[in-house]
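These notes open a run of structures that come right after.
What follows is chain A paired twice: with chain B in the first complex and chain C in the second.
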Partner chain A sequence: MALTSEDILFHAFAAVATISAILVVFLSNPIYSALFLALTMSVLSIFYFMLNAPFVAVAQLTVYAGAVMVLFIMVVMLFDLKREHEDVLKISPVMIAKIIGAALLCGFLVGVSWLGMSANQNNPSTVVAPQTMAKDLDKTKPVVAMADKPENPDEDLTAAEQNNLVDVKGAPETAKKDVPTKETRLSPDEFGSTASLSKKLFSKYVFAFEAVSLLLLVAIVGAVALAKSRGGTHHVAR
Partner chain B sequence: MGNGLLEFAINALKIIIVFVTIVSVVPLLVWVERRGSAFMQNRLGPNRVGPLGLLQLLADAIKFIFKEEFIPDHADKVLYFMAPGLTLLPAALTFAAVPFSTPVTIGGHTINMQIADINVGIIYIFAVASLAVYGVLTAGWSSGNKYSLLGALRACSQMISYEIAMGLSLIGVLIMYQTFSLNEMITAQLGSFNFHWRGLQYAVKYLPAWGIFYQPLSFILFVTCGFAETNRMPFDLPEGEAELVGGYHTEYGGFKFNMFFMGEYGHMITSSALITTLFFGGYALPGISPEQVAAFWLDHGAGLAQTLHLSVTDTSSLMTTLTHLLVFCLKTGFWLFFYVWVRWTLPRFRYDQLMDLGWKTLLPWSIANLAISATVIFFAHLK
Partner chain C sequence: MLPDNLVGLLHVGLNHYLVLSGLLFSIGVFGVLVKKNAIVILMSIELMLNAVNLDFVAFSKYGHNIDGQAMVFFVMTIAAAEASVGLAIAVAVFKRFKEVNISKFENLKG
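Right after this comes the complex of A and B.
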């Protein structure tokens, strides 16, 4: 398969994302770490753009790179970085415990991803980028297309189709009949568009959406309560 | 392949032309600012170099370039050099989503007069503009100067605070246009002022359907926040020279300082273009649709077509684009002048007043605007 310009861009940005993510962990200066984390977030938003989800991309950029990381950096800038730097380089029992903890976490993550990969090998399903999927769908027979992405086949079906979804899954014969035709499927342009996203968000996933916003509200109230209590988070017992 | 290459070349050319235009408008703006301020304060302003002092810009540019490169001792060198670029980059990137004229069709080739037609245009601009904070923060921190750091922190908290009010003030407008695409917003503002109310239609013939007439409160809030986002008077606390020497760019000189300067003016240009597009019909003439302009040039462009050696339709398309480009420049130019005008009219806020205005006045008002717009639009659509 020939490399398209999109592939080249993807690999270039993937390299940037990976390297900057590694640098976040390995740089000893917290300002640089935070800046590289911001870079990682920005590159992730480019990936969302490439996956035809511009709204998610822009939200990622605004929320993470534009707001969260800015606050991080603002706070880090007020620290005495020289002392922090020395603390990082000093070998102490706490430091060794931290390293062991990090190593255990890494091992756990590697193990989980390895298990996931071997499970994927048994199961031929692969996650395909929505653009290529939509392109393939036009060519291939719809039944094959359904088998392509069994995890969440309703991802790019219209609301009308979702009602039939159980039938489609259950019986391949009926699936052939009320096959998702080109008209009823979302076109690549519509996929990930703000309108289709908000329709899903405020109808099917409205409970999850509201639950998450409630969670964030609780976190904000908690943060304010902590900051207001005597001494706050900066309280140090002397 | 050849076609793709042509498209690539056209896009590259567009990017270069737009960037060069923005960068070269900056010195002109500085001239307008200095002459304008002098006029408003009953002074003369720069009038020695060249006609009307216009060559002063050139002299300034040469001075900027040939100044000594100076790096403070305590500076973090990498970030110190990176910060001016980080400021200029978002300012240049935001303009990419602004449509500045109708598409031109020449020889069967259609060229959009917009660098990238992003269907989430308006949020893209907000997202990229929010990255401008990094330039300010890194500049202030890397200079290794307490005044710079304080200026940077001030600038940062100001920009974040006003971003919220700015975003919320626009949601009413977005609900009304029902789109994020700036092109579709301009199309929605064609024709005369009209609205539906429970199945009936009302129209005011002599008023264009501009956003400002539908969302006046949103317009006021947006422009106010625009001043704060661009760090302009009366919100230029980040560089309040009476308290902070020069704010986050105290330690910068020569061309690096110039880049901060260009960044500020770049933001001004983009926000003026945004005000034009969101509230004043964009590149469209009031009451005259682009189709009518094209028809006019079809009728009157025959002689011009002969001199240009182009077909009549191509000439009409080209002239329509140029007409709308002129309209866009005039509208944007007015708002740029407005920025200068306000700078020399209003005094600077105090820091606590600035924060009070952002959080206790603009934010509640923009939420109120959102609630009222949503309710009105909901009921207006009921049959």
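Right after this comes the complex of A and C.
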């Protein structure tokens, strides 16, 4: 058992992402914060590539590392922030409470994930899933047909029951009782491809898709209206 | 080389992504709590949203369910809208107060 190249890449990029995220918060010049945030987002898109999500990775690069960061940097450059010098770690009771709160949240999130890791090593339910999937692959219908097919309530019910069983009886049941739902029957090549994602987007999530387009329209109008207004509803006597 | 125990620990799984995402999320929370610059606070919020996106994609891969990626798509869209509106508000506030330090405009009444 040796480290694969994916492992090494993950840890290197995870270090880069964490350090640049910390720099986003701790640097006092907002331009540097924005540039390190762009670095964090680019590294996250590499993680998406490693996670078999090429469409999400490219969208991350164009939308976040491209568009959103350009917006941030442009706004930062519009403002004259030269005289901004804030003491991030000024010692006061409120600041200590904030730091303790953030540290507690960090410890909680990381601790829960880490404990989940040791539980997963005893019972690797996530590792078992591909085998079950491959076993069931031959008796499945083509993916296109399944995407068009309406939801089968019985199947969902059994899946939900299985989940309940797992929750009640604890982890050891998971490996055997892991019934693949409709989504898990995608073949490994099919999984994560842009085609399968877009099938999902335009069948199951088509309403949300249209709602999001409406939201973007509202955001455009709202942003223009806000940016045009001269300091809100009231004019200032300067 | 490395002992087997450590190699097993370093072998990338779902939980490595969860730990990384938890770290990024708490750094974002820390930024929102501590920073005084309104724009950097918006950046910290983007950091938190990105951490959640990483969770979505990781669960999508290790749970073999592509719904997570669809959800990331929506989160990204809404985050972009949020960033544009938030920055427009920041621009309006800066025009009004000549200031982006949030402690300087505690009372927002006209």
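FYI, the second predicted complex is superposed on the first by the 127 of 238 C-alpha atoms of A that agree within 3 Å, B and C clash if a C-alpha of one lies under 4 Å from a C-alpha of the other, contacts with A are read in each partner's own complex, and residues count from 1 in each chain.
We take it that a residue touches a chain if its C-beta (ideal position, glycine included) is under 8 Å from a C-beta of that chain, and two chains touch if they have at least 3 such contacts.
Bear in mind the structure is a predicted one, so any value in this text is a computation, not a measurement.
Once chain A of one complex is fitted onto chain A of the other, the partner contacts of A:96 are absent, as it touches neither chain B nor chain C. In the superposed model, A:58 makes contact with chain B only, not with chain C. Applying the stated contact rule after C-alpha superposition, one finds that A:113 touches chain C and leaves chain B untouched. For chain A, the partner touching the most residues, choosing from chain B and chain C, is C.
Shared-chain residue A:206: touches no atom of chain B or chain C.
Legend: residue contacts after superposition of the two complexes on their common chain; A:12 is shown touching neither chain B nor chain C.
Of the two partner chains placed around the shared chain by superposition, chain B and chain C are both touched by A:67. In the superposition on chain A, contact of A:221 is made with neither chain B nor chain C. Of the two partner chains, chain B is the only one touched by A:77; chain C is not. Chain A residues 55, 59, 67, 71, 78 lie at the interface with chain B in one structure and with chain C in the other. Within the complex, the chain B residues that touch chain A are 76, 79, 118-120, 123-124, 126-128, 130-131, 133-134, 137-138, 140-141, 149, 152-153, 156-157, 160, 163, 180.
Contact residues on chain A toward chain C in their complex (touch as defined above): 1-4, 6-7, 10-11, 14, 17-18, 21-22, 24-25, 30, 33-34, 37, 40-41, 44, 47-48, 51-53, 55-56, 59-60, 63-64, 67-68, 71-72, 75-76, 78-79, 81, 84, 86, 88-89, 95, 98-99, 101-103, 105-106, 109-110, 112-114, 116-117, 120-121, 126, 129-130, 133, 180-181, 183-184, 186, 191-192, 196-197, 200-201, 204-205, 208, 212, 215-216, 218-220, 222-224, 226-227, 229-234, 236. Those residues of chain C that touch chain A in the shared complex are 1-2, 4, 7-8, 10-31, 33-37, 39-40, 42-44, 46-47, 50, 53-54, 57-58, 60-67, 69-70, 72-74, 76-85, 87-97, 100-101, 110.
Against chain B, the residues of chain A that register as touching in their complex are 31, 35, 38, 42, 45, 54-55, 58-59, 61-62, 65-67, 70-71, 73-74, 77-78, 193-194.
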